[in-house]
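Heads up: the structure comes next, in structure tokens.
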Amino acid sequence: MGIIVDRNTRVVVQGITGAQGNFHTRLMLDFGTQIVAGVTPGKGGVKIHGVPVYDTVEEVVLKHRANASIIFVPAPFAADAAHEAMEAGIKVVVVITEHIPIRDSIQIMAHAKQRGVTVIGPNTPGIITPGESKLGIMPAHIFKQGGVGIASRSGTLTYEIAAELTKRGLGQSTCFGLGGDPIVGLNFVDALKMFEKDIQTNAVVLIGEIGGDVEEQAAEYIATMKYPKNVVAFVAGRTAPPGKRMGHAGAIVMGKAGTAESKIAAFRNAGVKVAEKPSDIANFLHVYTPKARKLEGEGTRT
Amino acid sequence: MGIIVDRNTRVVVQGITGAQGNFHTRLMLDFGTQIVAGVTPGKGGVKIHGVPVYDTVEEVVLKHRANASIIFVPAPFAADAAHEAMEAGIKVVVVITEHIPIRDSIQIMAHAKQRGVTVIGPNTPGIITPGESKLGIMPAHIFKQGGVGIASRSGTLTYEIAAELTKRGLGQSTCFGLGGDPIVGLNFVDALKMFEKDIQTNAVVLIGEIGGDVEEQAAEYIATMKYPKNVVAFVAGRTAPPGKRMGHAGAIVMGKAGTAESKIAAFRNAGVKVAEKPSDIANFLHVYTPKARKLEGEGTRT
Amino acid sequence: MKLYEHEAKTILAKSGIPTPTGSLAASPTQAKKVASQLHPPYAVKAQVLVAGRGKAGGILFANSLKEVEKASSKVLNMKIKGLRVGSVLIEEKIRVKKELYFGITIDRSRRCYVAIASTTGGVDIEEVASDKPEKIFKVFIDPTLGFRSYHARQIANKMGYSGKQMLRLAGILEKFYKVATEHDAELIEMNPLIETADGGFVAADARLIIDDNALYRHLQYKERLFSKDKTELTTEEIRAKKAGLAYVQLDGNVGIIGNGAGLVMATLDAVQLYGGKPANFLDVGGGASKQQVVEALNILLTDQQAHVVFINILGGITRCDEVAKGILEVQKEMGFVKPIIIRLVGTNEEEGRRMLTEAGIHVLDSMEEAAKKAVDML
Amino acid sequence: MKLYEHEAKTILAKSGIPTPTGSLAASPTQAKKVASQLHPPYAVKAQVLVAGRGKAGGILFANSLKEVEKASSKVLNMKIKGLRVGSVLIEEKIRVKKELYFGITIDRSRRCYVAIASTTGGVDIEEVASDKPEKIFKVFIDPTLGFRSYHARQIANKMGYSGKQMLRLAGILEKFYKVATEHDAELIEMNPLIETADGGFVAADARLIIDDNALYRHLQYKERLFSKDKTELTTEEIRAKKAGLAYVQLDGNVGIIGNGAGLVMATLDAVQLYGGKPANFLDVGGGASKQQVVEALNILLTDQQAHVVFINILGGITRCDEVAKGILEVQKEMGFVKPIIIRLVGTNEEEGRRMLTEAGIHVLDSMEEAAKKAVDML
């Protein structure tokens, strides 16, 4: 269970022969992800960690029935790789690559919408359903199977929070990064909808940051829909000045828009607990999600 | 009744202030078509034959609830006009304009598919549902309300055949021209499907010509689906040499593809009567469509 | 609008696609001079705007400058499918490992461009498509996506190439698509696209037809629409084109004028049905002016092959009185040098018929009757 | 990457969009010379890469050449939001009938470009959007269609123009969109776009920010990424950029280094929560090398404002031993001139901690504990 990816996800790694692709293919295989093939144009025929490499995604879908892709292709070619995956019939595309031009990302998302493809990223650490599948670059050992769904705009901060939850006995259903760019495939509302349907998930953690308004949208959704599961939020960037990009291309306060204050206020108005510091999240979950503790016992098959 | 357009069709004329647009607006109004407005960029505010003119289709849809458009805009701007109509929410777009570049037409059709818009043309005489609505440049007096649906790849030849049918007492449900270009919005199979559902239509006439394979597709459809209504076909261009465009951009035999022989053979194999000359069509209809005669009596309210 | 091979190749070369080294020559002496800058062996290729030039002897090979001169002289004196050869392209002959095909054209059913590749090149692709469909690879191009580099790689891959050679071929295909869209190509081909002995790829022959309707976006070509040297049209066809008439010369004996492409085709068919043979297709179009009718009639009256002229007008936008005026003007100016059969119905029919009848010209009602009569007059 | 006003205007002018007549000057004398070629009155505009220049006195008007010289001298001696004014743009002042706004930027929620227009120009568009939303017209641009001429007409129409003036304005907006896409604009604005007394339109001010990630497609701009004169960055920010570090200078007293944008932001927040004030944001990114750690530390150790440095590393791709090596190298080369608090967990944690502990450097486990301690050290 969990959302988007599970033990049946059949993964193709695009850009598998690059340094990053190669390295993380090994880590994903170690984790148990079903990697059925890799693609690097011009390198078809070789093997990487026992995984067969092809020239095109089309072949991989035909021969190995891949249904998800993780992209490590350099930015100038990453959009093309995403389009290739989508046209070949892949329904989940995780774009790890950062620095993709916005214009390219806009086209990726328009294409994805046409074909009903779920895009995670670009500029995401990926997605992990502990105990089942990992399409990403996150350190696997800090996660453990359980009932907390995490959607985040940040990589390392997610690890910080997930590690703390795990240490405190709160396992995770699925954790994923929306991506640090201004244009990404999923937002918090998408995440909330999916976590709502997932029976394994009994609480949701949203890790936001300055820039854009996905936090405000999520708050409105939670309030309007009387969201049935416990939600805890954290928003990074309270000290960020306007007009400056804080590392992520998408983390920027424009005038009065996209401030941490606005997001925190929106969450609080919607009745969502907002943590002042990462360690508070586990506290809130322990207090407000009694069911969360029950499911943890099961979360050890990893 | 009839297909695509009827007495409730609310028409905007794009390019209404041009010579063609102006002239045919008068003829369409005379016929009784509900023309709610015209559009010519930069001419907003004037009136043509009492019809208010606007700068944008968006306004017309808002203020006059137009749901169909007929386009007389010159070729270099016609594609833009079609996109404007579709984006404004118009669901039937009749493109009279000829000489639209193929690349532009391809984009029009892709956009139409996305939005579920019916495009007739380009390079079409338009569509007429006798007694109800006419979005086109065909002479109205040769048509009469009745039970024969006509879909045609040619203008004048349609008039020839419709006039003969009318003279012989065979009225028409709807007549329209697919358009003389290689890329057009509707094909014969689309026409057959719509005429099948239309209770007024009891027989269908398909007027084909050399080039492409919409006739072969129609024949296959009729055979496979055991098409329930009587179909008579005519194919122009038996004497056309390969490699030469016969007036229409789409009327060209490429090597061995698109010949009249191939089309006639396909129809005959599918059990469709093919007329050797235009006057045979009425003969075939009289012999094979007894019901056709019944409905004619009603076809006089024009 | 068809471009010459050498023009298409110049365009391809500019966009970075390898083409054979060579240049154009209009005389045997010039051909020899061009060849003297090249490495033997040489290819001497007739520049004509019709297909099937090879079979007609329009491509010769030469090993020496003397042979180039001789071959050029031969080719420059040829007529291919009725067209005079005005120039030859002298090129270095390529060392062929394999002949491939790559082209982009329009798929009418799917309403999109289609890229077509084959590992059997240098021959008619339609024949390959019907005889060995397994040797044909197609990509239907989604207009919102275009032909992307992965499409090029998919094709190169299916053609059996891998590694750097696959990437090299894919790179060429991608550039080729760019040429196609930038030129509004209705058809663009490299046939053959040659895999050379050293593993490279060269467009040994190229064909490019620009969508006539898009010529307003390509003004450098639009100018020559009416130039005989630069098109495959006959003098009469150019004359008709200038007058805004759609005219195709055929080899029968009944000259035909009508309005509307479908109606004119049906008129040709009817004439043949009754035993005649159409001398031409001539569509005056919708709303023809008196002057266009005059021009149309003049073309057919001076056509020695057409023994009878059959005018078939069904007026919609076209006005019968305007057509009648044209006919009367021709009668007055040059007289009818051959029998003319007229069928005239539709808009302003009465006025038109009255004018003609008063001038002693008989007018018919039925197209089929008129066709029969035209054949009877032969 | 931000372009200067005069650069953006040159680009607009090239694409056919009217801009005021004028030229750049780097000295009062040169300014006078430029003005001597123009008609009075004149505008003297500071060229700086920050917004709010008008309010800061960076735009002056002049009626004579003498006044131009004086105004230029004044402006060229200014610092605007900490940036020195290196040049002024001297232009003919435009006779204003109305000030409009037109811009194209990114709509994050709808995942597309958005064209924004307003009949209230010359002011901050975000303020107009919140105060008078009825004065704002938007077109969300479908990436498969683009911003077409009818979109431009819809906007011009809603802005209240009709007839030829509407078409003229629409033509400018269409060209503007073309500039936006051709330059991969993240934000492009004409603010104000002026309707002149004679009914024309002139881009009186222009702003263009190119998407940094797309600079590989715009190599003429990419070169200057690290040039102080051509960016709004401080010396330290350029130094960080060269080293591949994301660095933003702030005005607090606790220097902060971390890995991952979200974690570093959270670290800043934690420092503030415990009563400190962050001196900067510095993200070494994923998989930082020893050399990057050295560079990061050097920047903070030489920052006079930062009294304490807090290093917060949670190793994923980043290896703790690599970070430790960097820290040790700095310690050896220049010594720690101020207190350093280190939190180091994750990949190769044990090795990293061992190395630091052996060198006598204390390492913490918890980010919050470390933040508290850093503040305590102030």
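Every chain is named by a letter (A, B, C and D) in the order it is written, and numbering of its residues begins at 1.
The working rule: contacts are C-beta pairs under 8 Å (C-beta built on N, C-alpha and C of every residue); 3 or more make two chains touch, one makes a residue touch a chain.
Computed from a predicted model, the values in this text were never measured in an experiment.
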Chain A to chain B, fewest steps along touching chains: 2
Selected pair, greater C-beta contact count between B-D and A-D: A-D
Mean-CA-position distance for chain C and chain B (Å): 28
For chain B paired with chain D, centre-to-centre distance based on mean C-alpha positions, whole Å: 56
Residue list for chain C, restricted to those that touch at least two other chains: 142, 144
Set of chain B residues in contact with two or more other chains: 110, 114
Touching residues on chain A, where the partner in the complex is chain C: 41-45, 55-59, 77, 80-81, 83-84, 87, 110-111, 114
Chain D-facing residues of chain A, complex: 75-76, 99-103, 105-107, 109-110, 125, 137-139, 152-160, 163, 180, 182-183, 187, 207, 209-210, 212-214, 217, 234, 236-241, 243-251, 254-257, 260, 276-279
Sites on chain D touched by chain A in the complex: 51, 106, 108-109, 111-113, 124, 126, 130, 142-144, 181, 184, 186, 211-214, 216-217, 246, 248, 250, 258-266, 268-273, 278, 281, 283, 285-286, 314-317, 345-347, 366-368
Contact set on chain C toward chain A in their complex: 142, 144-145, 148-150, 153-154, 157, 162-164, 166-167, 170
